[in-house]
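Please read the structure below before turning to the comments.
For reference, chains read A, B, C and D in written order, and residue numbers begin at 1 within each chain.
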Amino acid sequence: MNLKLDQLDQIFVILNNWLLGYLPPVVRPLCSSILAIALILVTFALLFAITTVLERKGLGRIQNRFGPNRVGPCGFLQPIADGIKSLTKEDIVPNPADHVVHFLAPVLLVAAAFMAYAVLPIGRNMILVDMNAGVLYFFAIGSLMELAVFMAGWSSRSKYSLLGAMRAIAQMISYEVPLVLASIVVIMQSGSLSTVSIVNMQATYTGIWPHWFVFTPWGFAGFALFMIAATAESNRSPFDLPEGESEIIAGYYTEYSGFKFALFFLGEYIGMFATSAMAITLFLGGWSAPFSFLTWIPSYFWFFAKLLTIILTFIWVRGTLPRLRMDQLMNLAWEFMLPMTLLNLLTAGVWHFMPAGALRWLICGAMVVVPCILLSRGLKQRKKFQVRKYRFSE
Amino acid sequence: MNVSFILLAIITVVGTAAAMGMRNAVHCVLALTVGLAGVAALYLQLGAQFVGFTQIMVYVGAVAILAVFAIMMTHSPEPAKPPTFSSFWTVGSVVAASVFAVLAWAIHSSSLAAHTLPPQPEVTVQQIGDALMHRFVLPLELMGLLLTAALIGAVVIAMNHREEIK
Amino acid sequence: MVGKGIIKGMVETARNFLGSYVSKQRLTTIQYPEERAPQIEAARNFPFLVFDGTDAEQGLRCVACQICEKECPPKCIFIEKSKDKKPDATGKMQFYPATFNIDISVCMSCQICVEVCPFDSIKMDVVYDLSNNDRFAGLLLHKQQLAKSNEYYNTIHPTEAAAVDAHFAEERAKAAARVKAAAEAKLAAEAKAATDAKAKSETTLADTQAQPVGGGTR
Amino acid sequence: MNSLQNYLLLSSLLFSIGLAGALIRRNAILVLIGIELMLNAANLNLIAFWRFGPNPAALTGIMFAIFSISIAAAEAAVGLGIILAAYRHSKTTDLDRMNSLRG
């Protein structure tokens, strides 16, 4: 029985090896990578399709509507209809646009978004490349997306696109700092930049409880900061100023239509999944089960369960929070997130050098919570985060 | 000489040459990113993974974006396009060509050609971190100081002194 | 503390999300082609022609007076008068429209035709899904499409239709009374003529025998 | 086969391209980029010498390259800041027209 469950866990690895057994050894590494890449492409494109319909239905329910419910059972075939629609639409390129760059931007965005999956462990032994500097690779690839956004905004020769791109880049650069700094605590603790060893470190248990980094004061703070920065990094609401449709139409992809627009959509969602998967890898124990008695469930199931939970939380947040203003966004990044991540680094250091026990918990918890409260209160008093006052309503 | 090196070399040289020769400044920066990504790939080929990814992160993610932002912010409203190259471009290119000729001659005539590829050393990030924290801790601190100074300096220089104007 | 409002909002949206599955009252959307929102009585969009009884051709109230055609601001009504006559709603012999077309792509739903119609024959309809594949011929409604029964009118605008019906009943009663009065008058005249003639004959019988017995009904 | 000489030639070519760009371009930002290119050529040299050198385990070349990249980033930030300040002053980034000492 136990052996069989192990086989279920490793079914994709076994299948891969079995398929490769029929091939000459020279082409085996190449074919193995191609298989894995194809699998990742298909899986996450499918996840994108599911997410779009889940998001639309979820947002609808949050706003007391039905959401899409026409195509297929309960509207779950809506993405197919959307895909057909965007494929058959005319691809309009503005006349003054820089055609080559205009074409390359969505391609680069999607390519960069998919490239990030190379270092994300989806299950036990299920990773494309176990790189020594995996986390660094992830952030390096993330910076490619900024370039794609700039290319899209600049090549369209439209003021809305340009403004959207400027906003997007300013936001992405600002939030990349807290994103990287929030993940550095994990790197400090695990002493490795390899995603596989980070996950392996978390996949152990005391009693039934796992050693996920999120279950420590610095880990929890780091996770919260990472998720806020990831929301901003993937241009999701409430940080979706780059595409604030009430101000600048659709931001940097205003001038895109048809399939290129769909590619932007795809790239954005794939990037969001990648950042979420990175958060899972760094803080939520990657593919490891939440309790030791649940380890018999295949590892990839846990990975996708966690990913789906985070995606649903993203949708929930999107349905709840209103969009920030540009100055609020920047203030949050530089005056709240950055000091908090730096303090979190210090907390992680203190945690590392203190003996285990209740005192460590107390001190580290206080080191995270007290500055957070003080900082937020101070910023509130300085009217940096005030409650919005509407002049013309009420 | 293997295929990957030739390919990467071509990408790098074409990218950087385009970066220095194209008319549109934004195109130049985009070509530059291609060239610098080629350099990063060369680092990876040489086994310096950390440096390669740092190169991508710093140059593509930061320097190129900064340059592009600077180009956007200094976009001159005048419609007439200024000539791409300066008035003494012949002198400049002659100097560059002669520098290359001298360097190439030096490399060609040196005894370095005898060196062949030694076995790939295992460079983990752990080793780099250890080295940074032990042998190179003073340069690291200096670097931190320099970067802080540069950060503050750049902000002070580029900041719009609106109060003074008022 | 920062974040209290965020948590409050998250709880509210979660309650909405779960509540929309539990109670149907929360959902404000109506599944359009299957369900339709109830319309208020004053709803109106395009005009139609009312007919009485069951036969659209016979019961049509319109008498082709062409007032609506003249009054229509965008000139979307086209009427062709018939050569012969047929009894109208009150039984009077009237012309009727041989052709009655309304181009609803031109109509601006101003209801002026309804206001000016002296015969209460053109009224405003409430059908709003009139989209069509053919934007020229498909949106030009002919008499057959326009004619709708008085019962239908009663269902869409009950109060207004009741008033119109009462008015018509009154008119019909008046007409009937008039007919009756005319008949009575005729009868009376006949009777009077008869008695007159009788009396005359009686009185003049002796005088003149050659007087014929005249009708005198007209 | 894949000898040090090739890497050195490539890096000298990069250096020359960067030098040519820095000398002949009129746009100040592109001149800065040319300087960045020259720094990159030096970095490539450092990595190549580290890889082909007698003692790769010492990581000296990698350290040097990392520091050099950091310096390049700092230089780019300050340089672009200076260019922005100069632009605000003279309303141009054309080096041929930035020729008066009086602003």
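Everything below uses one rule, namely that contacts are C-beta pairs under 8 Å (C-beta built on N, C-alpha and C of every residue); 3 or more make two chains touch, one makes a residue touch a chain.
Keep in mind that this is a model prediction, so the values were computed, not measured.
K.L.:
Report the most central chain, judged by the distance from each chain's C-alpha mean to the global C-alpha mean.
P.N.:
A
K.L.:
Between A-B and B-D, flag the pair that has more C-beta pairs in contact.
P.N.:
It is B-D, judged by the count of C-beta pairs in contact.
K.L.:
Measure off the straight-line distance from the CA centroid of chain A to the CA centroid of chain B, and report it in whole Å.
P.N.:
It comes to 29 Å between the two C-alpha centres.
K.L.:
Quick one: report the Å distance separating chain C from chain D, using the average Cα coordinate of each chain.
P.N.:
Distance between chain centres, rounded to whole Å: 87 Å.
K.L.:
Roughly how far is chain B from chain D, going centre to centre by Cα mean, in whole Å?
P.N.:
Using C-alpha averages as centres, the distance is 5 Å.
K.L.:
What is the distance, in whole Å, between the centres of chain A and chain D, each centre taken as the mean of its C-alpha atoms?
P.N.:
So the centroids are 34 Å from each other.
K.L.:
Can you pull out the residues of chain B that are in contact with at least two other chains?
P.N.:
50, 54, 62, 69, 123, in rising order.
K.L.:
Under the stated touch criterion, can you name all the chain pairs that qualify?
P.N.:
Touch list across chains, by label: A-B, A-C, B-D.
K.L.:
Which residues of chain A touch chain B once you look at their complex with the stated criterion?
P.N.:
Touching chain B: residues 98, 101, 131-133, 136-137, 139-144, 146-147, 150-151, 154, 162, 166, 169, 173, 176, 191-194 of chain A.
K.L.:
Mind listing the chain B positions that touch chain D in their complex?
P.N.:
On the chain B side, the touching residues are 1-2, 5, 9, 12-13, 16-17, 19-20, 25, 28-29, 32, 35-36, 39, 42-43, 46-48, 50-51, 54-55, 58-59, 62-63, 66-67, 69-71, 73-74, 76, 82-89, 91-93, 95-97, 99-100, 103-104, 107-108, 112-113, 115-118, 121, 123, 127-128, 131-132, 135-136, 139, 143, 146-147, 149-151, 153-155, 157-158, 160.
K.L.:
Can you list the residues on chain C that touch chain A in the complex?
P.N.:
Listed in rising order, the residues of chain C that touch chain A are 1-3, 5-6, 9-10, 12-14, 16-17, 19-21, 26-29, 31.
K.L.:
Would you pull the chain A residues touching chain C in the complex into a rising list?
P.N.:
Against chain C, the touching part of chain A is residues 58, 61-66, 316-317, 319-321, 373, 376-377, 379-380, 385, 387.
K.L.:
Which part of chain B faces chain A closely enough to touch in the complex?
P.N.:
Where chain B meets chain A, its residues are 26-27, 30, 33, 49-50, 53-54, 56-57, 60-62, 64-65, 68-69, 72, 123-126.
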